[in-house]
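Each of the two complexes below includes chain A, the first together with chain B, the second together with chain C.
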Partner chain A sequence: MSAQSDVERLAAENAALQTRIQALTKENSRLKAPQTSPPLPDPSPLTAFTQVESLNNPEIARYSRQLLLPEVGVQGQLSLRNASVLVVGAGGLGSPCILYLAAMGVGKIGVIDHDTVEISNLQRQVIHSESRAGLSKARSARLAVHELNSDCHCIAYDLVFDYTVALSVAAEYDVVVDATDNVPTRYLVNDTCVLLGKPLVSASALKLDGQLTVYNYAGGPCYRCLFPVPPPPETVTNCSDGGVLGVVPGILGTLQALEVVKILTGVKAKEAPTLLLFSAFSSPTFRSIKIRGKQAHCAVCGTQPTITELQDYVAFCGSQPTDGPVHLNLLPAGDRITCADYHTLRQTGQPHLLVDVREPVQYDICRLPGSLHVPWRDFAQRVPDILAAREAVSHQPIYIICRLGNDSQEAVLHLRERGVVDAKDIVGGLLEWHQSVDPTFPAY
Partner chain B sequence: MASPAPATPAPTPLKVNLEFSGGMELLFNNTKNYTIEIPATTSEHTPTLLRHLIFWIRDNLLKEKPELFISADTVRPGILVLINDTDWELEGELEYQIQNNDTVVFISTLHGG
Partner chain C sequence: MAQSPQYKVYYFASAREAANDTTSESFDYPPTCQSGPDGSGLRISVQEVLARCVAKHPGLQAVVDRCMVALNQEYVPQGTGCDQVWVKPNDEVALIPPVSGG
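Moving on to the complex of A and B:
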């Protein structure tokens, strides 16, 4: 290694760091500036995205490892360079998908997400970073893309992908990637793609499992062909309740980037439609399932569609376009106790029985001292245990706690049905306990 | 007294491999794989179809909450059924005639990301 090349390397590093400082300074002043109007699509890239006839020398050097593949070659790389891809959701799936699309040389990438970066996202959402916590995910993703590949024309939309923006945003792109986390948005993304005639690369992940399909492409089905009716909301588990192993959406999001490349290079059109199933701890880990083609009777992509414009997807699915926690209200106020009141009751030493109905993995994370652990799924069988424990504290009232205050209400209702009338649930559960009583109690 | 021998012997039961995934296993004692035996014909002496298998599962394997598995005489929305690694829509759905050693997968669609 010569001194000359060291100097060059340091100079390049210095230039890159200067660019980064400028970007961060700009972002910092933007964040400090008073919020005026609601955030609109990021106006920056000053120049419009333009397509090119041929690759330039820096591009040839940069993408040489791909140019060497006969399956890609100059034509394939040029197709990526001239393509535009919209990624809906910059979360666990979107993170690696966006990064790889940018790295591989996709010319224009749109990122739409209304959420902000939280530290609990970083276990799987690897496009973001600690230093960008609190920043909009769309903008954070754009910063990461520009650090990785400043040639990529990346547009950040700090917006909810809803029916008011879906068609106008998606119309600007060749391919759409569904990297969302909830049922209504999945139907919205599907219908948008069908109405605009765009291929849709869709994936989902939860716990240790993932699923991947390309919809609305080359005679294949759309999401509604496969799932004409949305699932009952109570059967849907989200990542914030069910958990997810970080690398699982990473694998599925990376596969989405691969499917985009296959579409853009024309390889995908020759494949029969499949659903790829991934299960991290099962054998085999991957399975490819042959699926139905486009369905003639499909409500949106069939021969006589009944859906010709975007719908009210929240009403259609009976659930919100978010994967955040749901707060049920099943009990009258008199059957509930606030965390503050329950705290007072504990401090004054009033005898009672505290029942914690969370899953064992959650009970292992943290618990209030002196609680009886009866997981909600075993609750019905274990009511006698609860009643026996209550007799041991001379028939004192029962208080039920869980993580968010939903299962605890179900448990109180269940006890009512079994004739136990003096049970109450603790409103908001242990998360509320952390927020309003004891900040040192772990939140998860 | 001796009972009369049946006119025709009952056909050999069919062995079927069942698999529940994507969260479906939670309804089945958190067990993903079952190997079951099901009669090859129904009480009306017709061949056992996938619709009969679904009700057999409800009656024999499902412990609680049947509404999370069955809705209006078929599987509930959001469950995809695979017969030997193929979408059941390509195999006749409820009318598919169960064969010995079939693998039938019930997979709940995921929505997280």
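Moving on to the complex of A and C:
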């Protein structure tokens, strides 16, 4: 064999190997490349929801425990299978409601929610999970439904339920479940159901209390019949301010799923309308109040309604359609201090009095060292304590802090009225302190 | 001596907080209270019951108008006619404000 042919053979081998290396390098980089859009589940099912005339064998096996109940039976199960239910809100109430509706065999479930899953939701919103934090709640709920019951036709609407979509979305469903967390959306859901003639299964939960009613059904009242005027915004507490025991919305949301079943199986129409009150730590825990039929003078479901189309619910209620924190602006900038400036003042050791006006439960969670604790609810009576404490730091300025920077402004205004002019509030409160000064300070 | 006749008021949700965390309390009838013209015994109107609650707990002022009111577990429409619904001894009045959280 000549040296010449060896060289040619090696050159050809080399070329082939180079080509192979190139191909493998390309494949490797393709596999390693970060995926710009992670594959998300298809938000809408591929096939249309269709009704059936009888249950198939897998359905009979799956729902046998319900089929054995005379109150449900084949007809009742078929009613669930052929029904569609829209759940507005996939939060504390929606979580168990959606799961049970899917588990019990409701054929089509719509879930509408514009929020994303946060870790602080998980103590009550049991349909979501740590691995789905950051995902839209509607999509997260749909994933959970499909894991539980892949036969359920679940549609996720990653949208705000507002007047632009309310009628068109709700028109697609037989029953609407109000599992929302704010006043304007409750009136919107109610008016939507009255205008479309849909039964509304409504519940609410806060702290240790809950309420449950079926509205606009079988001659019963609507939400406006019972609560014609929205509560003043300042008297409305939300879960992020007032707290909520996780199982409380769980109980109410589970009862909503029961009411849906009773409507779909025809049992509910024979019952007199009631408002169910739940108080977790009171006795009795449940109370049932008999309510009347629809009110003739009701603005939306009465004999001469003044509301014939959806309206501006934010203006009507004077509050936003979210349960997020409110940021008031009651003081001129000169009467306030930023967290950064207050931080500098502390670091340079300038004498002052720091007053923390949060509730005792919040003060127990975390506090800045050296603060005087005077809860806002006792503030008026305890102004003398504050002035005495200020004397102890030789009449130095007062800084007032709370969680979000709202009550602290009210407190400064109160001191102004009492003739104390050198008090300032700390803008944004302890949440802002966590965000802009000390990330190790707890946020809640 | 027999206990003087009373009626009882229950406060729910934000009404409980506005009433200084009172779940329920009993009220004596005011001395001006008369028996009904039909001799039906001591009575006070729902409207006056609410006014007396607010007088005792001023924080209720902002809440009471928007509350649903129930007498003996039965809804009483507020406003017109509320001064003609009578609360008799041992009756229970409940103040039920809407809860909106979820």
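Throughout what follows, the second predicted complex is superposed on the first by the 401 of 444 C-alpha atoms of A that agree within 3 Å, B and C clash if a C-alpha of one lies under 4 Å from a C-alpha of the other, contacts with A are read in each partner's own complex, and residues count from 1 in each chain.
Note that contacts are C-beta pairs under 8 Å (C-beta built on N, C-alpha and C of every residue); 3 or more make two chains touch, one makes a residue touch a chain.
All values derive from a computational prediction rather than experimental measurement.
Because the two structures share chain A, they can be overlaid on it, and in that overlay chain B clashes with chain C.
By the touch criterion stated above, A:N238 is placed in contact with chain B and with chain C alike.
Of the two partner chains, neither chain B nor chain C is touched by A:G250.
Contacts of A:T180 after superposition on the shared chain: both chain B and chain C are touched. For the contact definition in use here, the residues of chain A common to its chain B contact set and its chain C contact set are 89, 91-94, 179-183, 186, 203-207, 209-211, 226-227, 229-232, 234-239, 242, 244, 249, 275, 277, 279, 282, 287-292, 323. Within the complex formed with chain C, the residues of chain A that make contact are 89, 91-94, 179-183, 186, 203-207, 209-211, 226-227, 229-232, 234-239, 242, 244, 249, 275, 277, 279, 282, 287-292, 295, 323. Residues of chain A that touch chain B in their complex: 89, 91-94, 179-183, 186, 203-207, 209-211, 226-232, 234-239, 242, 244, 249, 275, 277, 279, 282, 287-292, 323.
Interface of chain B with chain A (complex): residues 21-23, 32, 67-68, 71, 76-80, 82, 85-87, 89-90, 107-113.
Taken together, the chain C residues at the contact with chain A in this complex read 12-14, 18, 23, 62-63, 65-66, 68, 70, 73-75, 77, 94, 96-102.
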